[in-house]
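Next come two complexes built around subunit A: one with subunit B, the other with subunit C.
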Partner chain A sequence: MMNQPIKTSIPKPPSKIKNYVTLLLVLFLLWGSSIQTDSSLAELVAGFPNMMDLLNQMVPPNWGYFDNITDAMLETIRMAVIGTTFGAILAIPIALFSASNLIQNIWVFYPIRFILNLIRTVPDLLLASIFVAIFGLGSLPGILALMVFSIGLIAKLTYESIEAIDPGPLEAMEAVGANKIQLIVFGVIPQVAAHFISYVLYTFEINVRAAAVLGLVGAGGIGLFYNKTLGFLEYDKTSSIIIYTLVAVLAIDYISTKLREKLL
Partner chain B sequence: MSEAARKGMKPKKNRAGLWGIYLALALIYIWAFSGMNLPEIKPTAGQITKSIFNGMFHPDWDYVSDPGGEDLLHGLLDTLAIAALGTFISAVLCVPFAFWAAANMSKGKAASGTGKFVLSFIRTFPELVMAIMFIKAVGPGSFAGVLALGLHSIGMLGKLFSEEVENMDLGPTEALMATGANRFQILWFAVIPQVITGFLSYTLYRFEINVRSAAVLGVIGAGGIGTPLIFALTSRDWNRVGIILLGIIVMVTVIDLISGYLRRKIV
Partner chain C sequence: MKVGIQKVIEFKNVSKTYPNGVKGLKNINLTIEKGEFVVVVGLSGAGKSTLLRSINRLNEVTEGEIVIAGKSITNSSGASLRRIRRDIGMIFQSFNLVKRSTVLRNVLSGRVGYHSTFRTVLGLFPNEDVNLAFEALERVNILDKAYTRADQLSGGQQQRVSIARALAQEAKIILADEPVASLDPLTTKHVMDDLRRINQELGITTVVNLHHVDLAQEYATRIIGMRAGEIVFDGPVEEATDDKFSEIYGRPLQNNELLGATV
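Moving on to the complex of A and B:
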């Protein structure tokens, strides 16, 4: 046996080189980004008076303008309701076909999941601008954009909760000879229904916010009025729109969150 | 067991409440659908859809890299830069908000409640409207997009950070206080080591969201890939629309994969 020297010193702390390299890399990325975007603090400071000017013009909101935009606000909520509903209905079969514990064939659920992932990468406003190009101005392209977006989100969340259900009831039903439809109606739906409704409400909250800006690309709703008022430099009216949207969104969020808390 | 007895075993649900909910839902839907006037579908819709799909499958590959400057890669790089810088700004600015809104760090319930309200106000303010306001201040371009994302993301990041701070173990803080550490030392040695992983993970998550938002900001002139997309849509250059959409899908997917991998490594 070789006599090994006994270590008496305190062990060295792990090397921090990796942290420093990461930090340097991040700083380099940020520096590159600021060059790419022409960001400069000087420009912000120089532009600051302009912005304060804008805020000053916005500050007393034009309270009378609320009457003009109530119809548009209601249309926004309608678009969100209809878009979310159709999206949720279409998401049900898609979620069932992409759950790996119901459909064991990987050639079915992997392609569907892949398409769902692709759908979710396209932001809703871009979807809306494409639908506007196809169908023209109005609320229809907005509803379609919200619908496609809802399918992507609801189907993903739902198939994940279908995969997490308790397999016991399904096995018991299979053992007594239930077919696939009976399995889904009596084994799957009772277990995921509450989750599904909660996801639909959550998507509805997101869709109300999204619907409020879809009008900027001509897809209906209150967003159209941003273009109108900003184009005519009527900033007091713009701030009325913002306040109205905030109140409506916060109210809907509050109701929806309460309902979701009750469900789960 | 008789049929009646079996029926009696069913748990009694609150029937009246259930019917109330159905009625409310029915009313909401009647209201929603009656207000929608039947949309007129343009006769050209089918043709345009066909051209868009055609464009998607025959993308304008020449647009990917153009030495002149205004090409796809330049636009995507711009989008990523806006998202990175915007996320960084908000991750720094939201820290004080997070400690303000955290119930265990703020003095009293009123303070943390106000902090939470301010954060939810920022969250609800549409980022596109913020971008429009910043365009007024610094002119159209990427910088306006950076500022809009930087300000808007404070809302969500501040909320997530404050929840992370609220879930912190207070033991180390008390221990340091007992040995006579000052506030700065407590923050540096007890608070930051506990929350830093959560902060980093949420920041990466927000970066994923901001990449999508930055792709949209160009629609109103705040830089990024959205501007050439809108130009291509209005000039009906479907092959170019196809290549830009492909570019966005590939970029978002790659960023999600990388960021997801990093987040799993951090936590």
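Moving on to the complex of A and C:
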């Protein structure tokens, strides 16, 4: 086989014009964006000394400040836990009603998916500001914002998992005379439970990070201290908050990632 | 109804036309009696699966009526449809077990038609049900795997679990759609032996779709041959000679239609 002469002519490689045009288009968009936003490299260079100045003031961090912010850090994590948990619980029925293999009626699952998309387009800071306006300052608006955000994310990922399950067991459940709820409990849930828990953990990771900045709009957590220290130009304290947050987030990410690996 | 003869499955002028105009079933009239072991043969696309799956209405028919033990399944819906399905066990080519659930839970899932939604959702099956599940597993020789997750079993073992599910269901009819198509020849024999034993010992009416002609001749009491959506042969196994099969298939038998040739 190897020694046989190639009978057909070698096909020509496809034209590269498309790649060049794409590159030009990207460069054009980049250039256009910088013109429109009035940003330039020169400004970046001019601002560089200021940046170094700020960094200088941040080092060394104020280690003593850790005691003051531990409560706020714990509050941040608690907000993420509560927001994620309630969001996850509410996401279950929403995910079931969004899955086209369970609900055949397009008048049900399309509107629900549309609302889910709508929820995900609202940034969590904006959600938090709205809830602050309604409920006042504190961690409650923060928790509500994280909850709404979690519903959007978990429900979307879960319904996509539900749509990808093996349809065989569903058919088998239909054949034994199960009703819709029995079909879901025996055929669907065992197939998606591990995925669902993994999505909840993933959302929790995101929520811890999000909760850290919600305080900027008065929605509780460690973000309040960012606002305060930046306002008083106490950059050494700001850097200790950043380090604290970094450590907490990394630790939670690590644990959560390990758990998710075990699940799937 | 005469003594000793009970019509379990009745097809009355059943036709199935797909939306694209293709005829899946053409005016089928068929009566299957209690305790029969019917094997349906035919080329792929002949309508075997359509016929079988219309019995428990996993496929809808477009014309005619199908009557299961005196009740019309084609005219039933909701709870009464589920009630009829409860009495019909189904075995699939791809087993259709929930792979992440235990064998026991898979078998118990056959019992959901007997209890309230609330009770089954909480997994509160009465002890009799659990015993029934264990008995079913014992009957197919797989009791020791009761607490194993289904995805850790071999194909043959999984198929036996799905037979146990149909048994736990206390089905009066078992439908098997190419039950051995994804199994090796030796496992095929085990599964077919299980089906025959259940048919003979419990008197469960069994309808099986098979691809292998020699398996059909070995296990069936009655053979139905299908071609292009029509029944072209229907008779006791003794009459189903190789020549008859050639007629059903519209050509001489090929080696891959004989399991013996592949062993």
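Note that the second predicted complex is superposed on the first by the 240 of 264 C-alpha atoms of A that agree within 3 Å, B and C clash if a C-alpha of one lies under 4 Å from a C-alpha of the other, contacts with A are read in each partner's own complex, and residues count from 1 in each chain.
We take it that a contact is a pair of C-beta atoms (placed from the backbone, for glycine too) under 8 Å apart; a residue touches a chain by one contact, two chains touch by 3 or more.
Keep in mind the model is a prediction, meaning the values are calculated, not measured.
Comparing subunit C and subunit B on the residues of subunit A they touch gives the larger count to B. Shared-chain residue A:Tyr226: touches subunit B; no touch with subunit C. In the superposed pair of complexes, A:Val59 makes contact with neither subunit B nor subunit C. Legend: residue contacts after superposition of the two complexes on their common chain; A:Pro169 is shown touching subunit C, with no touch to subunit B.
Legend: residue contacts after superposition of the two complexes on their common chain; A:Leu263 is shown touching neither subunit B nor subunit C. Look at A:Phe135: by the touch rule set out above, it reaches subunit B but stays clear of subunit C.
Of the two partner chains placed by the overlay, only subunit B lies in contact with A:Ile82; subunit C stays clear of it. With both structures placed on the common chain, the touch criterion links A:Gln191 to subunit C but leaves subunit B unconnected. Across the two superposed structures, the residue set of subunit A contacted by subunit B and also by subunit C is empty. The touching residues of subunit C, counted against subunit A in their complex, run 56, 58, 81-86, 88-90, 92, 94-101, 105, 109-110, 112-113, 117, 120-121, 162, 165, 169. Contacts from subunit A toward subunit C in the complex involve residues 166, 168-169, 171-179, 181-182, 185-187, 190-191, 193-194.
By the touch rule above, subunit B contacts subunit A in their complex via residues 28-29, 31-33, 35-36, 39-42, 45, 48-49, 52, 77-78, 80-82, 84-85, 88, 120-121, 124-126, 128-129, 132-134, 136-139, 141-143, 145-147, 212-213, 215-216, 219-220, 223, 226, 229-230, 233, 236, 241, 245, 248-249, 252-253, 256.
Residues 29-30, 32-34, 36-40, 43-44, 47-48, 50-51, 54-55, 74-75, 77-78, 81-82, 85, 117-118, 121-123, 125-126, 129-130, 133-136, 138-140, 209, 212-213, 216-217, 226, 230, 238, 242, 245-246, 249-250, 253 of subunit A touch subunit B in their complex.
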